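There are two complexes below, and they share chain A, which is joined by chain B in the first and by chain C in the second.
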Partner chain A sequence: MAAKVGTIGQTPAGLRLKHWDPSLPVWIGASALLVMLMALPLGAIFTTSLKDEAGVTLSKYAEVFTNRAFLSAIWNTLIVSFCVGLIAVMTGGLLGWLVTRTDLPWKNSVRALVMASFVTPPFLGAFAWTLLAGPNAGALNKLYRTLTGHEDALFNIFSMPGLIFVMALYSFPFVFSMIANVCELIASDLEDAAVILGANKWTTARTITLPLALPALLGGFIVAFLHSLSLFGAPAILGLPAGLHTITTQIWTLFQYPPRLDLAAAFSVPLLLATMLLIALQKKFLGRRGFSTISGKGGEKRLVRLGWARIPIFVVVLLVLSCSVFLPYWILLKAAFSKAWAMPFEWDNFTVQNFYYTLFQYSDTQRAVINTFELGILTATAGTLLATLIAYVTNRHVLRGARFLSFFALAPLVIPGVVLAVGLFIVYSQPPLILYGSVWILFVAFLTKEMPIGYSQAESTFKSIHPELEDASRILGANRLTALQHITAPLARSGLIAAWCFIFIGVIRELSAAILLFTPNSKVISVVIFDLKEEGQVGAISVLGILLLVVSFVIILSVQRLSGREVVSGREQPS
Partner chain B sequence: MATVSLIELTKTFGDAPAVQDLDLEISDGEFVSLLGPSGCGKTTTLRLIAGFLQPDRGEIKIGREIISSPSIMVPPERRSMSMIFQSYAVWPHMTVSQNVAYGLRFKKLSRSDYDARVMKFLRLVRLDAFKDRYPAELSGGQQQRVALARALVVEPQILLMDEPLSNLDANLREEMRFEIRRLHEEFKITTIYVTHDQAEAMATSDRIALLNHGRMVQAGSPTEIFEHPKTRFVAEFVGKANILTGHLDGGNKLALADGLTIHVARAGEAASHGEVSVCLRPHNILLTADEARARELERAGYNIFPGVVSQLIYFGDVIDYSIALSSRGTLRVIGAPAERYPSGRQVYAAAHPEHCVVVKDG
Partner chain C sequence: MKTFEWNHVIPTKAGIHVFLLLVLSAMSTAVSMGQDSALFPAAKKESKVVWYTSLAIPSSTSIAHTFRTKYTGVDVEVHRTGSQRVLQRVMQEAAAGIKNADVIHTSDAGNFVLFKDKAMLLKYIPKTTEVFPAGFKDKDGFYYGMRATLSVIAYNPKIVSDVDAPKTWKDLLNPKWKGKMVSAHPGYSGIIMTHVVALVNLYGWDYFRDLAKNNLHLVQSANDPAGVVASGERPVGVNGAEYFYYKTQKQGNPIKIIYPKEGIPLVVSPVAIAKDAPHPNAAKLFMEFIFSKEMQQLLADREGLYTGHPEVTYPADKPKLKDLKLLSPDADELEKRNAEVRKRFVELFGA
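Then we have the complex of A and B:
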């Protein structure tokens, strides 16, 4: 008999120790770290917002919510986010339907370009649009003046409509991927079933297709709304020059000298509650009659023929993609390779000096590039490790109450970067642990912020690995860690590499938390771009922007090759 | 000695008891099936035995040693068991021979011993030609055989199988039943086999334990279970059954609700009087259209049910009749195709009291 066992009558505690699982400290340690990572900043925000010298108080909230400037920031945020959500749903929904269910030409290229908009950091897009549609020197306005002879500008991007326009350009891909996924799951036979019962094309669309897609549309609206709610870069670049504050820029202002942390905390709480509420709503829309009814075995999908409208519709699609990809990329490339960006792009205006200057001469940008990629690698490695451990615990129910861990791992979804930064600043700028002033506070911020993407990637990886594969190894003699090493780790490898890449890309483009936490020697690329904008260093900004984009695309393409699926929409490619 | 004893084994998930007070003794070299509908607790029981779950109450012993109880938990890797999983759980990143050899990594064997053992078992399941393939390049049946070889190569004391055939198509399933039984005859490993398919349990097992709602309903040899079901659930789950209800007089006479009185056999714990159910197997019922023959059978002690053929389904080897009884209700009868009674024909169904078994409700 190989099994060595005890006899009855021993105390339970003694036996636990005897058959103690050596992997237990790993699971408990990772879980504790995660809970700490999430609980500290949030706790700090709530306590700071409720506390003054005298004790518990609501005066901070009173101060925030009676101040006209603050109220107008809230109002602006609501209007902008609502409009962005609406436009994103219309654009993203339409494009999502067009590429999945119609005979639109060049569908794969359209998908790839939507992915490119998704990968473009909104602050970079916003910056590019200041070059395109700034009232004086904006390229499009200059073109308009040349063509018509008018003196005034056609567009002024520094305005509420301008801000909404740019933010919508970088929010619609979220809706696009949700709608594209749903449309791919609605099999034609669901619609055929209605047609055979006597419904015509429009009745079918109204009674079958739309209701099936509705949860995704509502969910998409909320995601786009949330995304614009938490953006900092675009409103700062486009709104502030016009005197428009949003909640995030207002919080940032509270951090400027003299800093008012207490007010920033009090102002963060409503933003936090709003995002929580919206995520809960979104879960409800997507969860209830959700996708299970739709996910019939695919079934045959017939494409709707667009007929004569095929080409005009394609032109409209092209126009949308020009605004989000072609025009901004063109102006960034032009600025990066020109001596003077506003001059026509001719041979004697061509230069590579911008690249040399940015990457090798100017110490600020050089340091930022190094910091960014260092942080990217560090955070992606630590984040993947932590996310993997946590996902393993929740997926295989290693610990009791593992379900709550997934709540903690996903919590940063409801924490806008600026709010997270407020919390982290409060926690780590005072003893016992002072991280403020070094890159480590950025590391903690990025690790926290990227946890949801790392976790969900790791979680879906483990979900796809049948637990019996591991059980089979256990019963043949492997202990838990050996089974992990022999079976689960090799099978999870490509999924976890993808998680690493997602975190890395998330980190190198992060602005909204970094903008509150950087110090002169811990600047990152996004912060430097923001700074250089004040100095009007268009060439250097463009170089940094192109660097970010190139690195992001290279990584995404390699992940796609690695895992054999389209990353942005999560769609399985037909094999 | 690899006897396995389950003693008052209980496992609860949340509020729902999955296994309740399960007692079962499996002797050395025995092949026992845990049979029941989905959700009856059979897989939970198996995972409790394997050590993937810890019981809330009761204990599991191998020989005289406790391996599972609320306070004692020998981890799966130290139980000298093998298991075959419903999903086969063949590792996709290892070749066939790497899969099979895996369990030997944890045993101290010489290189030549090791290779010889792997080859022996690959040959046993007729996969020696495929040893360098990856599982993705194998059919379902071949993957199943990899799982089988992988489980046997370590020469386990106890073999656990969790619905191993449920993912195979019907023909292959039948073939694998015999294969599993053959391997059992050869190695005589104590085996616990979970299935919801009664034919599978019948074909492979020495003994069947029927589970329902987490409790053991009846355990016995396939013949016992089939011919003397103790409860209505067993009668209906194992094979086809006509269930009649009526009033038992304390002896062997049952008064049916519609006035007909029949003679029944009584077994063990079933109630001796009052309202009871009686199980009649469709293939134990004779059909005749000849009244004289019916009288003859009645004189020989048979219960006679006059009726009309209301429906018949021709299966080739048998005919499945539904007989609308003149009294009330319907009787299902399996008849030989040699004699065929068309729909609407007046017939007599005859059943011997030996085949009218009183069963407990539930």
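Then we have the complex of A and C:
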């Protein structure tokens, strides 16, 4: 394959000029656009953090890192993210293994429920958990008191452990999909060898499967860590009431009047460096998975029999999933249909007024719904297109220096939404180009933020498609763009549809960048929910949350039907 | 004026339409509320007024609804958030050259000192404000108190007995309330900003330092404690908008309000037209509308608010302002101490 690519792509520059490909401007344009998307906000952050009236200065950094409040926000963030990473790896890893390598019952339902946790925006989950486990009025704590007669609460969600718990619930699906993918690739022969040598199945799992999956587990830890590092909604909803700031909430308060963009920028830089470091580490771990055993799909796989533990383990799995899906959805439904959410759900507490009010009377709703889905569709379409072009360039080595492009396409992984928003706000709220005030600044933010997921999806899709067919069409006179359009893209269809879906879901649940970039005319549902949360409008939040979830599921399921593929879990459906 | 049904008049043929409007405007100038009939056609051309407000969502939504019904063809776009967020929004938009807001309304009078200093307000004197007391108007005529409320203590009578309930601000310092109280945030709410300044003037920052020892649950909006107390999540609210507690109570929720004898922060919430208002006539019409006696009376009856209009009557179960000892920090002081209050509060309460 490498040799093949070499003969196609790495033609000497002189030769390329002779065979001028008319599609070249498209490749160059897409690449330039990508570089600009990344370079502008990051450049703005660095310059703002280093600049004052007198010239270059490090005083902003000094101010940030001597302030006790800022330091404690950093400390809180590190503890929370570390614990979330650990819990997510244990939960996601175990579930991923159970679903792929054991005879756990109802596997497809388990997969579907993990997908549901993935689709649930963490801020919505956090909000639902305030109703479930608020120490005094929370439904679960009330139940606990009724059952045991205790005075105290079982669990206070407004605390550091509470925050960790909720964030882990919505981070483990990332680890799950990584582990499930790896486990599906591990052939059973090594495990068989262990069994033949007398190991029981638990020893086999511990000594063979676990070490094979270890790089993916470490990678999963880093992904979960990064995910929780960049979350804004959950810490704002669960941490602030208890007086706990994280880096993201702290940056957000720096936008209050009088705004301290300089400090926000200076505070963003370490977050940026930390995530860069982690991504580098992750690359190191995942890049090293040179085990021949998991490089191909060939080997035979056998399922581990769980035996007597099958049902108990299934119950535990169900318990985890009820924390991320069943319980939150139930309390949202209850709150949406109740006059008073904390009262028992009886006939005289039942109402549809919340729906009527939220959908027809509350003036923000309709515009936010339109903005959200407009942005979702626009970003997903533009993002998939751009990602496809870029992935094609890097994969087929259309341009020299193409491998740097992949760096730019993946760079937003290390840029938390809040940080990206700080950069974009600085760039686009002043001349020459003022996008602030319209939905376009959100479009740029979302496009940037979702680029890595779109790109990696498109990249891996192209990798699996051999360039022979393209070559054939090009020999017959097609240019690259025509070949891509008629040959490669149709072959890559389901992978690209999956990329579209991922971007769409990412956009409609985005809060951390939107919260700094919205204006009244460009509110999106997540921002409206956050606004309503600050005033404590429980009924309206629940209605909007349910709306968001229903639309997400409808879209995912219909795209899944269209493409005959399980989009989110990344698994081809047996047909 | 009230007898004319605008929405029946408007959809007739154009000629009659204009004629009727002329007749109507002539007639209603003769009637008490002259200005708005001249403003109405101009406002209609602008088609809407954009209102940045910190008034509770249900209240601001219902005011907008009343306005739309009365002035068919002129929409009100309500953008509701906390006072300090409104301030942040207005300032961010001004810095980016965005002209979006027509009418600005917060519960932090200090915000308006700042807006006025930065020449961001349009001078406009709603007709009825002549009769308003001095505390409800800017001496230069840029902003007027649209409504007033108090910041009070409240408790959930299902959980806390009347005997046990805190009666004074200092009662809240009792350690028996540890983990049982909720506070709103001065970094979000103008009502709470006023509350903190008033109580710091009364007791000094020591009061809040001691209060913080009781592990308060922090929410943002001054309206949020009502829901938190009613649900029982925290049975005692150490502050919060009295009108929202009152409304929540009227809806049948378990809430009792305490008006501490040591003094109660009075919060007068100003409203003004933005200098760069894209819909200036609609903005003026809206100002006339909210300061009309009918609307001010509605604010009292329907929303549980106090107003500056001397002829407005209040529900029998609400105390009269003149019977209460009121604490009202002035607007300049609120402006000057804004940054200090937010900083100290965060230092004491953590967020």
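We adopt the following convention: the second predicted complex is superposed on the first by the 507 of 575 C-alpha atoms of A that agree within 3 Å, B and C clash if a C-alpha of one lies under 4 Å from a C-alpha of the other, contacts with A are read in each partner's own complex, and residues count from 1 in each chain.
Basically, a residue touches a chain if its C-beta (ideal position, glycine included) is under 8 Å from a C-beta of that chain, and two chains touch if they have at least 3 such contacts.
The structure presented is a predicted model; accordingly, all values stated were derived computationally and were not measured.
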Looking at the overlay, does A:G243 come into contact with chain B only (first), chain C only (second), both, or neither? second
Could you tell me if A:F502 is touching chain B, chain C, both of them or neither one (first, second, both, neither)? neither
Pick one for A:I475: touches chain B only (first), chain C only (second), both, or neither. first
Now for A:P490: first (chain B), second (chain C), both, or neither, which partner does it touch? first
Counting only touches as set out at the top, which of chain B and chain C does A:I434 meet: first, second, both, neither? second
Who touches more of chain A, chain B or chain C? C
Output check: A:G536 vs chain B and chain C. Expected answer is one of first, second, both, neither. What do you get? second
For A:F255, decide between first (touching chain B), second (touching chain C), both and neither. second
For chain A, what residues appear in both contact lists, the one with chain B and the one with chain C? none
Any idea which chain C residues touch chain A in the complex? 50, 52, 56-57, 61, 64-65, 76-82, 84-85, 87-89, 91-93, 95-98, 100, 179-180, 187-188, 217-221, 223-224, 226-228, 230-235, 253, 339, 342, 346-347, 349-351
Touching residues on chain A, where the partner in the complex is chain C: 69, 134-138, 158, 239-245, 249, 253, 255-259, 340-342, 361-364, 429-430, 434, 436-437, 519-521, 531-532, 534-538, 540
Taking the complex as given, what residues does chain B use to touch chain A? 50-52, 62-63, 65-67, 69-83, 85-87, 89, 91-93, 102-103, 105-107, 147, 150-151, 154, 157, 160
Can you check the complex and tell me which residues of chain A touch chain B? 1-8, 10, 12, 15, 19, 21, 466, 468-469, 471-479, 486-487, 490-491
